[in-house]
Amino acid sequence: MLVSPKGKRYFRILDPDEILNTNDGQLQMQKVMENGFGSRLATHLGKTYTVLKPTLYDLIKSVKRRTQIIYPKDIGYIIIKLGIGPGSRVVESGSGSGALTTALAWFVGDRGKVYSFERREEFANLCRANLERNGLASRVEIINRDIDLGFIQKEVDALFLDVRTPWDYLEHIPEALLPGGPVGFLLPTVNQVSMLLEALEEGPFSSVEVLEILVRRYKPVPERLRPEDRMVAHTGYLIFARLSPKSVEIPLEDDGVHEGDDSEPF
Amino acid sequence: MLVSPKGKRYFRILDPDEILNTNDGQLQMQKVMENGFGSRLATHLGKTYTVLKPTLYDLIKSVKRRTQIIYPKDIGYIIIKLGIGPGSRVVESGSGSGALTTALAWFVGDRGKVYSFERREEFANLCRANLERNGLASRVEIINRDIDLGFIQKEVDALFLDVRTPWDYLEHIPEALLPGGPVGFLLPTVNQVSMLLEALEEGPFSSVEVLEILVRRYKPVPERLRPEDRMVAHTGYLIFARLSPKSVEIPLEDDGVHEGDDSEPF
Amino acid sequence: MLVSPKGKRYFRILDPDEILNTNDGQLQMQKVMENGFGSRLATHLGKTYTVLKPTLYDLIKSVKRRTQIIYPKDIGYIIIKLGIGPGSRVVESGSGSGALTTALAWFVGDRGKVYSFERREEFANLCRANLERNGLASRVEIINRDIDLGFIQKEVDALFLDVRTPWDYLEHIPEALLPGGPVGFLLPTVNQVSMLLEALEEGPFSSVEVLEILVRRYKPVPERLRPEDRMVAHTGYLIFARLSPKSVEIPLEDDGVHEGDDSEPF
Amino acid sequence: MLVSPKGKRYFRILDPDEILNTNDGQLQMQKVMENGFGSRLATHLGKTYTVLKPTLYDLIKSVKRRTQIIYPKDIGYIIIKLGIGPGSRVVESGSGSGALTTALAWFVGDRGKVYSFERREEFANLCRANLERNGLASRVEIINRDIDLGFIQKEVDALFLDVRTPWDYLEHIPEALLPGGPVGFLLPTVNQVSMLLEALEEGPFSSVEVLEILVRRYKPVPERLRPEDRMVAHTGYLIFARLSPKSVEIPLEDDGVHEGDDSEPF
């Protein structure tokens, strides 16, 4: 990641032969390679660019979008609830602009795989372009197909649906997901949450949870510390469940921790 | 992970010779291995246990704790902001009970490394025990030492401090962290946040952010959907910054997205 | 209001002949009258009681309850949205334990009137007892009747419904409420809110708003200031509307202030 | 209150001789008086205006402002905590644009009184103009004076300070406020809250509370109910205390209700 004096960010997979054309002049990628992360290099017009190793947050923020994306606050929680990590095989739908796809690809590593279903060719292409730009394309298979035909994969570790009517596709989950595996959903309205909960109750799912993640930011001024005046109040509701093994309910750990009356804020 | 009929959870790294003693009788791990994830097995007393592949959420929840731990809602965001992923090398202090350590170890994979500093031997041992229990110990080096002597590692990808007076240790960060690398902090009181911000302003740090993550849970009843009556209102404030490369400010992308007046909820 | 050394509170309308029997001995109300608010008086057993002028908050907190009550955070906003003040005539249903009734009676003063409908005799009596205890009974007419027969009053200034199926009673509002007058509702679930909104759309109502009020408390320790660990996350959703004058929509002030994208937090 | 077809609002105290000049032509107030609240009247240019009885919310929203004002969400809670009602005598400082002043004047009625201190003549005049416009001026005495000289009134029922350094004026409160009476403060930053708490600890104050009020609004669409995308995240922290009678602590009711671990959300 190269950051301009004004904060504009350029993402590149290192190719020593490339010459980067910036708003402030040219920069040889050969020099970037030699100087490494944290170095500060001058363009041929004498403007100083900073070379940084991008974090996943940087990558998600750089995703070119033509759809509503899933944001880091929600992605972080999704990743942990779905148990995504190095080596995971995960199905998601739809790809959209590829923000969650980027995160899934980041975490599954070179030995994992992300299967990303997207009905609309336009978005499948957009997602692919974003992944190529951030160097994670090899970990993702983008499938330009409607999921009403079901998923192709078997025994994936986790599954995430960011579609308008997820209840229409629940029937296809058992054939794709490892028995007992975690599944997640994102929905913007309470009416959709209600409909999904009703469908999940018909099984074979258990351990259903509904929640929202809110981020409250502060102005980082030590002597006048206060929350920002405005905040994002809603992106979507997150719903999680576990596929029941052989249609049997998974007993919840009887610790009441989701009830809000306990000492542990899980 | 083996789940009892009452929801009690047992975590084991698969050893076919082991015989698990549960509250409901014995279970041969050989049988667990043969039947795989999602299977349901009877103990010698005829009680049915469910075999599940644990998610990271499950592992964090199973951490035996004698300290305040960092919770999934905060961990998810930390991981993304710090750019932790397969292959990352990361320093944290203190280890505490090892909840964040577990998550860091989960994400860095077999080729990454977590260096976890803990001053108190009691907690270093507790963290080690938790990591051995969840099978991630090989990815972590627990260092039973005070960080006022500095960190030993060089050019790690990220650094996280969950200590009472982080401002006392800022001077040691430049020698341990990759220039331009991300650093994070967790602090419970606003007074501490204020003191840390003051210290960060003296450099060499930039892109400072302060925020809180809130989780609001709903009762998952489709026909009577409503938030739970109570919620966790506070675990701690998260503070993020970037180590400046060569003491120069990293320009923020001038998109105003942190100001709360923009259309993108980053 | 008399406060015991342990914080127990006694509410009395001043009667100089009364002798108050407390857990700590007897107290002559004659002495209370002579010494006035802020005085500290000894019982015949030598325990010191403090005489305070109760705030409305104190009165609401002292309501004996056998139902869910409406809390100060919601009451404050309701009063302002409904325009309750000295001289107001207001209808509410149901009375419940009388927490909102107490507040309405407090604000309408001696020249206003609260008409409180309650179907269940048990709660009508409880509400009456609470109002007699806090000295506001003369401002309230408790009507032990189901509102499916309609309201009796005409041209009241405001109307508030805290009932399970408010949509069943909307038809009776126009004959009771001043044209253009404000009406409010409290509902615990999103499903109910959705049903009410649907009914309100059929008219004759306009300027419909839905919102929640959240209170976040802090531990008042100057050198370790932080939010309390837990908070009340939900009491209910507040819905407000205005009765349309002659079935015509009242134009909203076109300032976008409810849209969340403006600089004024109304 | 007259509302134009486009939602513009005109506030007038009824004078049958007045002719209101609107953007849409003239309107005779004589006709407004004859037709009453809820009527719809045509201007001489044939545009229809709606006559509404304004709520306090309407009045606060109509305040012309050149300062940050206190908003209804905060005002509602302040009124209840301070015990303001018909007949109350209350001191506030500073007047600012007069939003809280309007609310205090609304609730104290004709037999109560608001004493509003404002150091800057410009704001004293603005506040006065706003009160004259909304018809509440007779209930308010605006005092264009700095409160470092103390308050003039004795034994008022409540006191509210919305000033930058409230700790500088605590010493003057005992001579103005009824012993045991409630006092409130609004402060934007945590640093100020911390300083005020420290000063309050030195007495003679007790029952100190710190809190924030948050309003979360929903888009009122029955079939797609969801929170608005953005919300106001901060106006200020509210701090409440009680003046100790004769410098003795008022025992808190030992019900733990402010601790967040109880079943009552006060």
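For clarity, chains are labelled A, B, C and D in written order, and residue numbers in each chain start from 1.
Everything that follows uses one rule, which is that contacts are C-beta pairs under 8 Å (C-beta built on N, C-alpha and C of every residue); 3 or more make two chains touch, one makes a residue touch a chain.
Worth saying up front: this structure is predicted, and the values here are computed from it rather than measured.
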Set of chains adjacent to chain C and to chain D: A, B
Chain pair equivalent in interface to C-D, over half of contacts matched, among A-C, B-C or A-B: A-B
Comparison of B-D and A-D by number of C-beta pairs in contact, larger one: A-D
Euclidean distance of C-alpha centroids - chain A vs chain B, Å: 18
Geometric centre distance via CA averages, chain D-chain A, whole Å: 45
Residues of chain A whose C-beta touches two or more other chains: 190-191, 194, 216-217, 223, 225, 228-233, 260, 265
Of all residues in chain D, those that touch chain A in their complex: 188-191, 216-217, 223-234
Chain B-touching residues of chain A, taken from the complex the two chains share: 3-9, 37-40, 50-58, 60-61, 71-73, 75-87, 103, 106-107, 109-110, 157-158, 178-182, 190, 193-195, 197-198, 201, 208-223, 225, 228-232, 235, 237, 239, 242-243, 245-246, 248, 250-255, 257-261, 265-266
Chain B - residues contacting chain D, complex: 190-191, 194, 229-230, 233, 260, 265
